[in-house]
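Shown below is the structure under consideration.
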Amino acid sequence: MIPFLKVALTNLFSKPSTVKYPYVPVEAKPRYRGRIAYDGDKCVNCGMCVKVCSPGAINRIYKDTEDGQDITYEFDHTSCTFCGMCQDFCDEGAITLTTDYHMVATDPEDLIVRGVCHKVNPKGNISCNTDLCVYCTLCAKKCPSGAITVDRAAKTWTVNIGKCTKCGACIKTCPKKAVYFAEPKPQVVVCGDDCVYCTLCAKKCPEEAITVDRAAKTWSFDASKCVQCGKCVAACPKKTLSFADGE
Amino acid sequence: MNYSHFPAIAVMGLFLGAFLVEIFGSKSKIVRNIIVFVFTTCAAALMLYLVKPVMLDGEIISYWMGNWEPVDGYAIGIGYEIDQLSMFFAILVVLTIWLSAVYSFRYMERDRHLGHYYTLFLMLSGAVLGLVCTGDVFNLFVMVEIMTFAAVALTAFRNKKGSNLEAAFKYLIVGSVGSGFTLTGITLLYMQCHTLNMAQLSSMLSGNLTPVTVLALALMFTGFGVKSFIVPFHAPAADAYMSAPTSVSMVFSGMVNKAGVYGMIRLVYIIFRAMDIEAIQILLVLLGVITMFIGVTMALAQHDLKRLLAFHSISQIGYVITAIGLCTALGVTGGLFHALNHTLFKGLLFLCAGAVLYAAGTTDLDRLGGLSKKMPKTCICFLIGAFSISGLPPFNGFASKWMIYQATYEKAVTTGNLFYAFATVTAVVVSVMTLASFIKVTQAVFFGQCPAQLQQTREVPFSMRLPMWIMALLCVASGVLYGDLYRFILAPASNAALNVTGYIDAMLGSGTAASAGIADIEVAKVSFSYWNPTAWLILFAIILIAVCWVVVFGEKTRGAVLQSESSQDVDGKYATFFSGEKSMHSHVGGSDLFWGFKKNFSGYFRVMQGIHSGNVNDYALMAVAAAAIFIVFMFVVLL
Amino acid sequence: MILNYITSVILIVLGLYTVCTKRNLIKIVLGLGITDYGINLLIVSIGYNNGGTAPIYSSDLFNLNASAAAFVDPVPQALTLTSIVIGACVDAMALALVIMLNRRYKTTDANEIRRLKG
Amino acid sequence: MINVLATIKIIVKTLIFPGAFFAMAAGLLLAGIDRKVLARMQKRIGPPVMQPTYDFFKLMGKETIVPHAANRRVYMAAPVVGFVSLAVMMLFIPIGGWCAFTGDADLIVILYLLTIPAVALIVGGSASGSPFAGIGISREMVTMMSYELPLIIVFLAVAKKVGGDQLFFGFRAITNWQIANGPMIAQLAMIPAALAMLLIIPAEVGTQPFDVAEAETEICEGPLIEYSGAPLGLFKLNTAVKMLVMTSLFTALFLGGITSGIHTGITLWGIAIVDHILRALIHVAISAVITVVSMTTIHAATARLKIEHLFKFYWTAVTGLALISLILVWIGF
Amino acid sequence: MFKKIIAASTAKSPWIYHINTGSCNGCDIELVAVLTPRYDAERFGFKLAGTPRHADIVVVSGPITSQSKDRLIRTLEQVPEPKVVVSIGSCPKSGNVFKGSYSVEAPLDKYCKVDVSIAGCTPKPEAIIEGLYKAAQILKEKREAMNK
């Protein structure tokens, strides 16, 4: 008991070691994983963070806008475990865990960090400059949705437009910078030879870009009016219409 | 109104009642109850009528059986002598009898052979009243015998249980051994003085103590020790209290051991006047202290309520014996006052135990619990009894224990003998242990949680509660008004005990005491300047009102006081906190309290288990050994 | 006279010995009886006075003082009567209790009858 | 006609000065100082000195839940009885040499008044019907048994020292004696008794090393487990006032003569108000010092004792100290 | 006046009762760390209470496993009125990484209204102090609401 008595008495006359928190601001250590800061512009909506977040604290809300989508990322701090995986896996560096630890809230709303990532749909689709490409299959591995298939032996590179979310992950990883967003040539509708001139495509086209003369068996297309809505292609019973690259 | 006949009438009345109950009572309950009530009330009335002349006017009533007046200074017949001391005990006796009778009407209704019960009961009360009033030594012995018989028979009254018979047998054997010693003592006295009258004996014996009288003193000292259940002889008493029906065990603890104490006082103060010798005082105080300590420590280890109360009776008698052994004015007053208080609060506690037995069917502490919600009135009475026995201020135990502490320490300081200071310290520690064991009982029986089978226990009928309330009131009253209680009852009684001339002159005509050279000791007036509780109670009341006013005034601003009356949502907000569990029945029973204390005293308790072995021979051996020790002690000291 | 006192002391001590050591209940009760008779003997022998006659006044009632000295002291005899009665009652009750105990405990050995202890 | 001034004086004495109000305020202050100094001993800032007062008023504002298994009347009455007896005790203990009510045998009255708050806590705890409380009250009772023995020996030693061959249990006699020949603690024979008394104070109040009865960790606050709201507030107040009572008892018994020397002579309505106030302040200051010395240092330096170690410690070590001084006094030192 | 004193002191002496519904003990030791000399929550009057009956602020940690669910509900009921429930860490609010497991019945809101939630998987002691301080203010408001 005596040693503790000595310690107690010496403490009595020495300065208390309490950090007077609210009056003396206390900064967290530099690598402290605190509140998440999300930078919408850097984000490319690749979805890696969502995939890698174990408690599923991140969710995305899509809202279509005219030139693409507004994806709001919601980081729910009440269910986040602050492991920092999303920060590590976000190549763009859009997510950073700041050293702000003051995450105290009465209503849960203000514990949710929101950020909007405006995703402009690139006009064209992914295509590969075959002479630069060395078929190293890196882009295929990188693609989150598995849209690219590369056959090293046959030296072929194909992309499945449906799956591609235009995230640009392949562009970034291609060592040779072979992959690029092809400049979107204005899409032109082309009519195949077994057209029966049933004028269905003309009726479907909202912009009357197609004129069909049943009698003279002629099919004409006005590219300037066409909005590439694809309704004519879908309506043609003979499936002779298809998009093609204009000039 | 020639009231000198009244004591004889009262005693004979009770015996007559006993026989009448035997004849008429066995058939109908009403007749029996009426006879008992009438005879006990008229005995009470007769004796209480005497209080005024004897106590206040200081007159000593002497009455010669068959009008055999003493012939030229020699007492021939049996004389009844009521001086203040015997009047004091007579009040005690009469009070206990009346209350026990009223209590037993409803309490004993479930037993059979009630005719015999009331016969024995009236015999017991008649014997003790006779014992207190008599002035003749042999008559004293005969009354003690009748008392022992009635007590033994009553202990064995509920003979279905084998243990009751066993207790009765042990009580009879040890009692008879004790009575044998007393009878031998009396014969030796008669051999020496050729008289049986106490007053004459004391006038002849004062001063000239021959070996025969010393042997007689030692033997009678053992005899009355056996009757007042001090330490070496206390084991059968604990069994007897436990097995007797509660209304009888209340009489035991209120009257029977007081009769033993009365005999002891008569013997040592009046007949032999041996108290001036320092050694006898130390012997008595030592016996008292040991009885106190053993009584309480054994009580702490008990599992049965009545056995616990029995051991407490033994320990409180230890207090009385210690106080009387001091032979100072304050000491004797304290002792007598504690005897009165003991009768009150111990009677109350036994009645409550009886009520619990009547309502819940068992007095085993491990199977009882949570009765305060089922029997609120009994619980309050028990609390009053418990607080007064452990000596908390407003109640009567405090006043008498206070006197005893002051007396013992005053004796220590004046005589410079550290032993009495040791007695004060033990007295205080024993009083705390008494409080401990009563906390154990209240927690085990009244508070805590109610076991399933006791859910539908109901309050006891009114006629059982009436004596309880009377006793509770008396407890509080004697605690508060002990100033004038001292003036009217205690002072005359202790004076009568201390100086004997009045006693002798009344019996054998004035002047005999002077001739025998017994000077009248001027008893020092007890210095009563210490704090009288009435003023103290006013303070208590003022602050109580103030605090309640603050609490009540805060009512509006405070949260409401809520208790769910409905019992079905017990599991919600009002359930006991079981760290979240569903509140199941887990009652902290009596036996698992005071773990720390028992662990430290485990060696002591093992020895105690050995001593209370329950074997008749051991008890008889203890009695005889104690007799031998006392004889040797007396010879060494007095000759 | 001394012989009476010695025998009564022996009887008392013998009685106490049996009460304290014998395990059979009936023997204990007998021991009690023996102590009682020892005491009775003591009480009776106290009243003896050499050459005294029975304390009854015969025809010559008047010369009182002549025969007074020769009387044996009547008081101890009265005491003995009471003591004998008490002794008898004690024995009767004790034996009754022994019978009941035997019926309950099926034994008369003091060591077995030890339910109330501690 | 009752002397009106006298009754007013009594009411003022009972309720205001040494009675309820002063006891409450000084007690809470002492409790605050105790917690503050304890914190400082653990190198932390610690709560404001008024913290027990805030605790008390907050508890008065809380809702009082009476559990179903509790006996309502006893449950509510226990804390009030405890506080009342503590307030009455304050009337007996001389504050700066002057005590409100004194008789001849105050020590025995104090001895018994000390048991009432403990009994109130015990009966209250057992009335709440919780098994935790059951265990708590058994420990509280054993604690009481353990410190009662040395306490009575200390009282007897003081009485013998003051009394010589008569018997003086009253505080007036003790104070006069100490004014005459110096505070009791200066006497050689009485130093062990003073030490024993210092060790008794923490057990009586129930602070850390001896608070096994209200151990938060094992039996969640022991007897107080089911209490909430105003009754709990009163019980916490009782502990605080008990601190004041025990420390002022120590000053009365062992440092008697110190404060009574102050006479400023300024009287108001015949009562030397200023003297009283000054003496009261010094008295509370001394009590604070003793609280720190006896309770806080031991609290900071030791861990909680098990119940049988506590009992053995009190019945061997502390009683031995007290006995030494009793025997020394008896021999005539 | 009496009401004002009570309301003021309710904020100044909030007593904490900690319920651990299956937490990984990260938040538990952090909550107790708040009482150590370095952070010393006792400056504001915080004190750990042994039973819910003495509690003002109930701090719940852990993802409310099914075993501890009904015990939690029962204990929360036993806390006397002006009471505040604080969830510490992310487990109580959402079940954190244990979300979706068979034995976790996570969001505490199902059982009671959570007044203050302190986020952070083991929030920093300063954050806990701030949270408790806010809880004490809410307690005061509830106390004043009770007065009306």
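Just so it is clear, A, B, C, D and E label the chains in written order, and each chain counts residues from 1 on its own.
Everything that follows uses one rule, which is that a contact is a pair of C-beta atoms (placed from the backbone, for glycine too) under 8 Å apart; a residue touches a chain by one contact, two chains touch by 3 or more.
Being a predicted model, the structure only gives us computed values, none of them experimental.
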Fewest hops from subunit C to subunit E - one hop per pair of touching chains: 2
Co-neighbours of subunit B and subunit A - touch as defined: D, E
Furthest chain, CA centroid comparison against subunit A: C
Central chain (by mean CA position): D
Higher-contact pair (C-beta pairs counted), D-E versus B-E: D-E
Euclidean distance of C-alpha centroids - subunit B vs subunit C, Å: 31
Whole-Å separation of chain centres (CA-atom averages), subunit B against subunit D: 35
Centroid spacing, where centroids are CA-atom means, of subunit A and subunit D in whole angstrom: 73
Computed distance of Cα centres, subunit E from subunit A, in Å: 40
Shared interface positions of subunit A, touching two or more other chains: 16-18, 20
Two or more partner chains touched - positions in subunit D: 39, 42-46, 60-65, 220, 225-226, 229
Complete list of chain pairs which touch one another: A-D, A-E, B-C, B-D, B-E, D-E
Complex contact set, residues of subunit A against subunit E: 16-22, 26, 28, 32, 34, 54-57, 76-83, 101-106, 108, 111
Subunit C residues touching subunit B - in the complex, by the definition given at the top: 12, 15-16, 19-23, 25, 28, 32, 35-36, 39, 42-43, 46, 73, 75-76, 79, 82-83, 86, 89-90, 93-94, 97-98, 100-101, 104-105, 110-111, 113-118
Sites on subunit B touched by subunit E in the complex: 553-554, 557-559, 571-573, 575, 577, 579-582
Residue ranges of subunit D touching subunit E (in the complex, touch as defined): 35, 39, 42-48, 51, 53-58, 60-65, 216-217, 220-221, 224-229, 232
Subunit B - residues contacting subunit C, complex: 138, 142, 145, 149, 152-153, 156, 159, 162-163, 165-169, 172-173, 176-177, 179-180, 183-184, 186-187, 190-191, 194, 196, 238-239, 242-243, 301, 608-609, 612-617, 620-621, 624
